[in-house]
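Okay, so subunit A shows up in both of these, paired with subunit B first and subunit C after.
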Partner chain A sequence: MAQGLISSVFLGIEYAMIGLGLTLIFGVMRVVNLAHADFYTVGGYLTLYFAYFLGPMFGLVLSIFFAFLAGIVIDRVGIQALRKREDLQTNSMVLTLGVSLIIAGSLFFVFGSDYRQVPGVFSGTTSVIGFTFSVQELFALVISAALIVGLMALLKFTTLGLAIRATSADSTNARALGINVNHVYTISFGVGVAFAAAAGGLFGPILYVFPQGGVTYLQKAFIVTIMGGMGSILGALIAAFVLAAAETFAQLYVGGFSYEFVGIIAVLLILLVRPRGFLGEIDAE
Partner chain B sequence: MKTRSLIWTALGILLLVVPIIRPDQYLMTIIIYVFVYAILAETWDLLAGYTGLISFGHAAFFGVGAYTSALLSIDFGISPWLGLVLGGGTAALFGLVVGYPTLRLRGPYFAIATLAFAEAARISISSMSDVTGGPQGLFGYKTFEFVPYTLENYYYMGMALSVVATVILYKVVNSKFGLTLQSIRDDLPLAEMQGINTTRYRLAAFMISGFFAGMAGVFFAVFSLSITPDLLGLSVTAAVISMAMIGGRRTIWGSLFGAFLVEIVTEGLRRTGADVSLMLQGAIIALVILVLPRGISTLGRYISQPG
Partner chain C sequence: MTYRNKSIVGLDPHEMLNKGVAYMPQGRSVFPAMTVKENLKVGAYSLKDKNKARDNLEKVFGLFPQLKAKQHHRAGFLSGGEQKMIEFGRILMIDPQLILLDEPSVGLAPVLARQTYELVTRIREEKKTFLIVDQNIRGVLEIADYGYVISLGQVRVEGKPEELMEQDQLKNIFIGGNKP
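Coming up: the complex of A and B.
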């Protein structure tokens, strides 16, 4: 039971890191980013790559930075062009599907198809209140929590956060008030994918990465976003831990593949019964 | 119009004589895959291009058809000839089950729901190891009776299937039914006001699409002799979307060219040892949606009427 709860927390914070980025991107931009989880893989591989020269700590920081830059380029070159046409939502899904394949294909081309372990910042284990953790796990947990709190603070207390919230609520009025909406979109996309990359760099040392490994996490990110209400950051955060707990306990007490169903069935039910989720803070339409 | 029928006749004759020239087996296999993928891309286009339903779960039709026929053959000894109809029929029913609840959803909600349904089907098949062979998949089911298993025979069979599907789908989209679908796509509330039962029309499109995609799955299963749950995965859907997109949405026949281009280029590059198929499919999808949103089928028009 206690072991299950602890696993849920670790899994939940990882789901939150990936799901929050997807939620931010959808909530602000109304764009469904099918390449989102590939940035998790990118984060893992870039950390692996940079760690050769600079060590794991700088590798992690650099990989997050490069993911952010890549996000900015994708938004400027790709998504902004689609914004001028009708049907942004489906067109952007098709575009990001292409981006996803390009990323997975490039990683496959450069690194091969093997599972790779990302070098962790810390090694070894430690014992806290009678349970044994790897130090990297605790590090990942603490840094992730700090990043999530940082994101929420940024949204709540800064001018940029205010601009992001205003754009999310009503982009036409935000523009009329003098907010550079296009900048807000670009920053949101960069920050969103940077969170996924951070998750890859932080949790890759524990869970390994491989070029097409993103698919599983894409599912989780979607489930978290939909359960949280398609655009609500707080909703997604709660949903991440609910999903992680449901999966962990289904695996512990029911076994087999059943845990994979938990999230998908939840999503189908929510989509069909309450398409805007349970906590739809920011209107999704 | 005359040049067009000329091109089609030339293409038809070319495809008919390919096995007679006896190219290497690899090329023949690739063209058989083109026939299969062309059907998938056309059926996706029926939904995406004509009905306005961008589905991200299309591979599920393919896999459901393939698994239905293979299981019927293994468990009940039912011929894959009958399997073509039963596999297609099951996929059509699957379309009904998926379509009924999801049609109310708009835009991304619909797309995500179709993806979720396909994933649910894939995980179900993957987890019911006793029945479906689990992740290892199925093999050892029957091949088509009366047609000895040779590349030439399956080439012509695939071609026949592809031609029949293309002609029927082309007729469908240009019929009164197809026009009604397009009017629903363009303005759903208006169509409803005119007394069109939009749900029923769109469900019918779903079932037609599912039927032919499922049939393609049955043929693919028999030809490749083994199947795995990956048939229902997002990578198959991605390949299908890239083909339909480059061929041009709202054309049906464009999908045939799209399937041919994507398959030849990716397989050709794979043969040189550099497996860049994923990267290339991705680049095609991204470039087409950005630069040529209506695909190569409209390229001629761009050239003759610049701007």
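Coming up: the complex of A and C.
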């Protein structure tokens, strides 16, 4: 039981790191980012690459930074043109599917198809209240929690956060009030994919990465986003832990590969009770 | 199109705001999930001077004490009239000289439409100019100083509200009949 709870927390924070970025991108931009989980893989590989020269800590920081830059470039070069057209959601899926294929292909070309372990910032284990953890796991947990709290504080307390929330709620009105919504979209995409990359760099040392590794995480990120209410950051955070707990306890008590489909069942059950997810706006269009 | 003898064609909203021209879109436009204060702060987004933003917030709270009392409430939970106050207060946050209103009464209950016009009259006393486009002719002429009747893209009649209300021309234009 206690072991299950602890595992749920570690898995939950990882799902939150991936799901929050997708939620932010969808909530603010109405863009369905099918390349989202590939940034998790990119984060892992970039950390692996930079760590070779600069050590794992700088590798992690640089990989997050470069993922942020890549997000900005993709938005400016690709998604921005789609915003001027009708049906952004569908078009963005086609674009980001292409980005996803390019990323997976490039990683395969450069690093090969082997499973690679990302070098962790810490190694070894430690024991806390009678349970043994790897130090990297605890490090990943603490940094992830700090990043999530940081994102929520940014949204709640800063002028940029205000602009992001206003754009998310009503972009036409936000523009009328003088907000440069184009900047808001670009920054949101950059921050969103940077969170996925951070997850790759932080959890890659524990879970390994490979070029097509994003697919599983894309599924989790979507479950988290839908369950949370299609755009609610707090809702996605709750959903991440609910999904993790459902999977962990299914594995613990049912066993086998039941955790693979338990997430789908969980999201269906929750949508049955709350059709708009945990914190979906009742009056959303 | 010119404002103070300068062309304003093709300007971005934030450039218009910097010139002191604010625009209020049709229908309800508060951000329901944000608090009252946050809504007002969005209005000051294009202001560079943050001290001025703080002063303007105090002015808006002075004008609408109701909003000050409920500043930490979610805007979506306030009454329709209070939400209109937020919309006007949000525009006043940049202390504009000219305020453009796009059909402020459209889709509103009659009571709320009247409250909206009352708000315009109140804010006008703060030395603000309004340019209002509205189909509610009687309602808007009651508060206006000067009116233009536009039909099919052309100014048909203009004048002081009393004159416009008297003239048969209004009836002709809107009900049909003889072409001007």
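Rule of thumb we're sticking to: the second predicted complex is superposed on the first by the 270 of 285 C-alpha atoms of A that agree within 3 Å, B and C clash if a C-alpha of one lies under 4 Å from a C-alpha of the other, contacts with A are read in each partner's own complex, and residues count from 1 in each chain.
Simple rule for what comes next: contacts are C-beta pairs under 8 Å (C-beta built on N, C-alpha and C of every residue); 3 or more make two chains touch, one makes a residue touch a chain.
What you are looking at is a predicted structure, and each value in this text was computed from that prediction instead of being measured.
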item	value
Touching partner for A:Ser134 - first (subunit B), second (subunit C), both, neither	neither
First, second, both or neither for A:Ala169, with subunit B first and subunit C second	second
Touching partner for A:Gln251 - first (subunit B), second (subunit C), both, neither	neither
Partner chain in contact with A:Thr159 - subunit B first, subunit C second, else both or neither	second
Which superposed partner A:Gln89 touches (first subunit B, second subunit C, both, neither)	first
Residue contacts with subunit A in the superposition, subunit B compared against subunit C	B
Partner chain in contact with A:Asn180 - subunit B first, subunit C second, else both or neither	second
Residues of subunit A at both interfaces, subunit B in one complex, subunit C in the other	none
In the complex with subunit A, residue positions of subunit B that touch it	54, 56, 101-102, 105, 107-109, 111-113, 115-117, 119-120, 123, 126-127, 233-235, 238, 241-242, 245, 274-287, 289-290, 293
Subunit C residues within the subunit A interface of the complex	13-14, 17, 23-25, 29, 31-34, 38, 41-43, 45-46, 76, 90, 94
Subunit A residues within the subunit B interface of the complex	26, 32, 78, 81-82, 85, 87, 89-91, 93-95, 97-106, 108-109, 212, 215, 219, 222, 226, 256-258, 260-261, 264-265, 267-268, 271-272, 275
Subunit C contact footprint on subunit A (complex, rising order)	159, 162-163, 165-166, 169-170, 172-180, 281, 283
